[in-house]
Amino acid sequence: MNTFGRLFRFTSFGESHGKAIGGVIDGCPSGIEIDYDFITEQLKRRRPGASKIASLRKEPDEVEFLSGIFEGKTTGAPIAFVIYNRDQRSKDYETFRDIFRPSHGDYTYYVKYGNVDYRGGGRYSARETAVRVVAGSIAMLVLKHLGITVNAYVSQVGDIKLDIPYSELDLSLTYTNDVRCPDTAVANRMYELMHDVKTRGDTVGGVVTGIIRNLPAGLGEPVYDKFHARLSYAMMSINAARGFEIGEGFSAAAMYGSQHNDAFYINEDGQIRTLTNHSGGVQAGITNGMDVVFRVAFKPVATIFKPQQTVTRNKKTVEFVYKGRHDPCVVPRAVPVVEAMAAAVTLDFLMLQRAVRL
Amino acid sequence: MNTFGRLFRFTSFGESHGKAIGGVIDGCPSGIEIDYDFITEQLKRRRPGASKIASLRKEPDEVEFLSGIFEGKTTGAPIAFVIYNRDQRSKDYETFRDIFRPSHGDYTYYVKYGNVDYRGGGRYSARETAVRVVAGSIAMLVLKHLGITVNAYVSQVGDIKLDIPYSELDLSLTYTNDVRCPDTAVANRMYELMHDVKTRGDTVGGVVTGIIRNLPAGLGEPVYDKFHARLSYAMMSINAARGFEIGEGFSAAAMYGSQHNDAFYINEDGQIRTLTNHSGGVQAGITNGMDVVFRVAFKPVATIFKPQQTVTRNKKTVEFVYKGRHDPCVVPRAVPVVEAMAAAVTLDFLMLQRAVRL
Amino acid sequence: MNTFGRLFRFTSFGESHGKAIGGVIDGCPSGIEIDYDFITEQLKRRRPGASKIASLRKEPDEVEFLSGIFEGKTTGAPIAFVIYNRDQRSKDYETFRDIFRPSHGDYTYYVKYGNVDYRGGGRYSARETAVRVVAGSIAMLVLKHLGITVNAYVSQVGDIKLDIPYSELDLSLTYTNDVRCPDTAVANRMYELMHDVKTRGDTVGGVVTGIIRNLPAGLGEPVYDKFHARLSYAMMSINAARGFEIGEGFSAAAMYGSQHNDAFYINEDGQIRTLTNHSGGVQAGITNGMDVVFRVAFKPVATIFKPQQTVTRNKKTVEFVYKGRHDPCVVPRAVPVVEAMAAAVTLDFLMLQRAVRL
Amino acid sequence: MNTFGRLFRFTSFGESHGKAIGGVIDGCPSGIEIDYDFITEQLKRRRPGASKIASLRKEPDEVEFLSGIFEGKTTGAPIAFVIYNRDQRSKDYETFRDIFRPSHGDYTYYVKYGNVDYRGGGRYSARETAVRVVAGSIAMLVLKHLGITVNAYVSQVGDIKLDIPYSELDLSLTYTNDVRCPDTAVANRMYELMHDVKTRGDTVGGVVTGIIRNLPAGLGEPVYDKFHARLSYAMMSINAARGFEIGEGFSAAAMYGSQHNDAFYINEDGQIRTLTNHSGGVQAGITNGMDVVFRVAFKPVATIFKPQQTVTRNKKTVEFVYKGRHDPCVVPRAVPVVEAMAAAVTLDFLMLQRAVRL
């Protein structure tokens, strides 16, 4: 089940230390111009080594398209792409090939498949998210065509929170700093925390906020495939994601209906809108034309440089000290991944809705 | 897309004020004994009118099975069931047939389908969750066969939180009170809050905690169909759900890796387990044999008895005062629904895993 | 896997001698007027007992809709329907409850599910096709809305073939006789053969031809989901179907390219059409705007009234003589089923095509 | 919808004159040893230029695996593979870039996607079948593991038929001649016909027979996903396929029940088997443990070297004479493709059946 989506679908393949990773996008409408610079830019934002804070591993992440594009435009045929793995350094991993690293997938994959690719996480490495970024960037290009935009940014690192609502932020600043937080002052504080955490050989979690704007009302399916249910599924499938909220999210649990309800009104263009947006743009599972606003919580990266107790495949208890290269915080790199997955979900729903209206 | 699941699937139908609601369960293993009392009990726990707090609407929720069961056991054929709507009182709703009730689905459904069933929510009524309870109860019976248990309970109502970890609670007490909180003292405080809220004509949100125990390691798919991604999708598809967490959830954002990592050890039965369970039983998307622990946030019910501003289908602004019967808090009734959906997800993954191991 | 279709989907349930059969149609566009008379008429054409030739079992086949229709029109919500089984006579079957009837599903179902519903075929009875007729009739109503028509008729019974091409037949005569053959003279000969076969306690096979007209060009998916591949799947899923052809079908194997190719020309309306239609309306898996023409072969019904050797569940060899009520030829009753399934496939492809064109 | 299968799935990509074709196999069980020689052999059997009869185009068809295999065995992760296009000669096609070649997909693709890849069929070229051969060969390796074999052979070319039943043939001789017919004498006659047809600049159709042996009873789904319905779908999705039969197929239409029924008996190993196999190994949609026997009809290749009338994109009528390289008969090359698709369907059903038996 390495395929995501129902009408706009993509299938992912590849291991972090194998030959290549890549994917096949199926169901993309034809005639969409491919903006290679945009895709490359989003990939660059995802890859490690982009800042002083992140892992030192250099992944040029050059995407090569193999099919589905002719004379610069999508043809409607499957779009296959490959990103070759160059800087693999599998040897880094050989020393702990029998060890189940705490809170990594080594153990669970071993149980599931009866084997484990000890070369650095294999399939469950965050490197797979590059595939999502390519597929999602193409979804973003289709959405852009329709006037819909998707944005994400870091709103929390450790205990440092950006409390200003997104509507008061200049989201064009997000990618101007390594933290991917549009408020420069807060970004600096987050950066310092990450730096401090790195110095201590530790890691830290964080939160990414996402916003989808200009979405038509009427997207989402009534019962199981609610817009936010699919969005939640998409977000929780990102490596290290641990929580999802739409609108007020967990805060809604402590609210009264009289506080939470969004009153309808007619805006100056004669459109039905709500005065507040506690619902986060989704009511009864279907978009209402307001901005879709959601948040995704990420746990701290499991790779820390402190001694940890663990066990081996032969059930021996050992002390384990990690040596290698990793990020103190995955959250800045998750921003383009959140954008990609949100775009894929949105386009899928748009296509589903077109199918059903004769 | 009114079907849930991949191998253990169910399809839901029916409107709250139509003839009936019901569903078809497809892919259920054959030879499972049907415990009608258990299904009836779970349905009873879901239905409104079960306590003094909840809505006054009486829904006997008698489920009638039409197929797939022969001599008390599942046959492997689709299991269809119907719950007839008896106490409909559609007239309650006629007075506001042109009004888009704030934070209900009236408006979004109208845009999506070009029509609206004004008889009380139609398809987006929480009444549909009875279908989930029937299907999920049958999943629970299959799981029970395999020694796996699923439990849920109310852990927050408004600002009253149950802070004791589930391992220190006696979960068999959950359904002994109307709040479905296993700590009687906290349950009483929650009850008082709900009562108070009701008196004020208002509603309040809350949180349900879920636990899946005795699950084998190895369930869940590697990338998109991570165990907690599908679980999140299932939970967020429940009416009024606004947030989902696995393990530490949003708290993980403020933690360090050295705090969050779960060290492996060998337990007295020679099994690989973790000393802590910050991961909530899922690592890299796959179960690790520890309890799966998750939380779902619910918003306050949109139906309040205070005057609200809204608009009509003809884009007139009106003041709206609701008259009818509803719960001040949906969370107690959501408990069996959370159990049902968690069981459905779990059984689906169990079946997928069997398929792939030759 | 009792669900058919991708966007226009229906899920079937029920056993021939259980309480009821029925289905849930999901994904049907909203606003379609339901023509109950048409559905009833198609059901009547399918049911046994409609002619002197067919089985004596009386199945009134009264369909009751439970959801998805409001004020006579589809709402976009799932359309559930039930047909209760009235004339069941399960006792007819009790005498051979341990016997695997030759060429029935008794044995294969027993192996598959570990149980067998001895009450007359249970799930694999042709009675299930009533569900297809209801769902397909609704698809036909949607197609009619778009000007597309679906027709089928009997073109062979035993060795009696109707050799006149469909374009020279008056298809409105199909349902005027019990054989469902639009050529009255040939229909009479077929009728006599069926009558003769019945007298001998035997059964006979036949062929149904189907035609879809006014279909737009461009429907069908490029590689695996070719229009005729899905159509073939749909037809071969009908009880007793043994072969499928599109266009020239098996005859094409003995043709030369110079005979088989369809030359393009511009018709008087300026449309691109082909001079001949050896392709049967589908080229490279996609409709070309010509009529889609296909044929389905059906085997003789397995229930014959002659002594047959078989074995029991306990592996005893026995002689078996069937006593009961059945058709000498299933093909006339298959006609509305072929129409239903063809309509479902066509509508599904129409919806898929709408989704992908922005 | 370029994905085939439900549990054992593969997604195909690539155009015949683009950079590459390839695929991603998802859901393959882990621990299966990859026999590269076998895959290469099957690919060689499919590729054109393998005999004097076939097209002169040389396609080395070297498959490169990018993922999912570690130390020679499948890991359970997606298996991606690429076959680069080397001998493309797109210029051959430029001369008729605006012409809709009769009975090719040029027109239907143009209507569907609003563009056409004039470089030789693009996506609808039979070159895509190489992807099926790779995926299906891996399915065959898994099946071999379980003792199940899949074979196909040419049983008709033009009007020359091999009338001997498969049980009297030595199927190991199939690939010893260019025609892929296990009866050498008949193969020679077929070869002469193909040669003659080629000399005349024409093409001819044919039939491939397939046999699946050692299959357990109990595979196949009851209603829509009957074993032979999925098999039919798989076969009809192969380029140029026009008809499908299981067991007696269209001949069954002219048979009586007393001729067609397969009597059960107990074989010397105490197993339930049938004395005859008119059913072709499938009863009521589910395998009965006998050999599955089916036939697929292929039309003559559309590319002939005689002048043909057609139209251009600008709706001009033109005479068209093809110049290029193609086969006089596609049927010999279809043999490994039929084997591949049959294996994929079989493995998929095996996995589905494992899932449902607890």
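Going by the order they are written in, the chains are A, B, C and D; count residues from 1 in each one.
Just so it is clear, contacts are C-beta pairs under 8 Å (C-beta built on N, C-alpha and C of every residue); 3 or more make two chains touch, one makes a residue touch a chain.
Because the structure is a prediction, the values reported are computed rather than measured.
The greater number of contacting C-beta pairs, out of the two interfaces B-D and A-B, is seen for A-B.
Between the CA-based centres of chain B and chain C the separation comes to 39 Å, rounded to the whole angstrom. The distance from the centre of chain B to the centre of chain D, with each centre set as the mean of the Cα atoms, comes to 46 Å.
Computed centre separation for the pair chain A/chain B is 26 angstrom, with centres defined by C-alpha atoms.
Looking at chain D, one finds that residues 1-3, 12, 27, 30-31, 76-77, 112, 114, 123, 222, 352, 357 touch two or more other chains.
If each chain is drawn as a node and touching chains are joined, the picture has every node linked to every other. If you check the complex, the residues on chain B that touch chain A are 1-4, 6, 12, 100, 102-105, 107-109, 111-112, 114, 123-124, 128, 156, 158-159, 197, 202-207, 217-226, 228-237, 239, 242-250, 252-266, 270, 272, 274-275, 278-280, 282-289, 297-304, 306, 308-311, 315, 317, 352-353, 357.
On the side of chain B, the complex with chain C involves touching residues 1-3, 9, 11-15, 18-24, 26-27, 30-31, 65-68, 70, 73, 75-80, 82, 112-115, 117, 122-123. By the touch criterion given at the top, residues 7, 27, 29-31, 76-77, 142, 145-146, 222, 351-352, 354-358 of chain A touch chain C in their complex.
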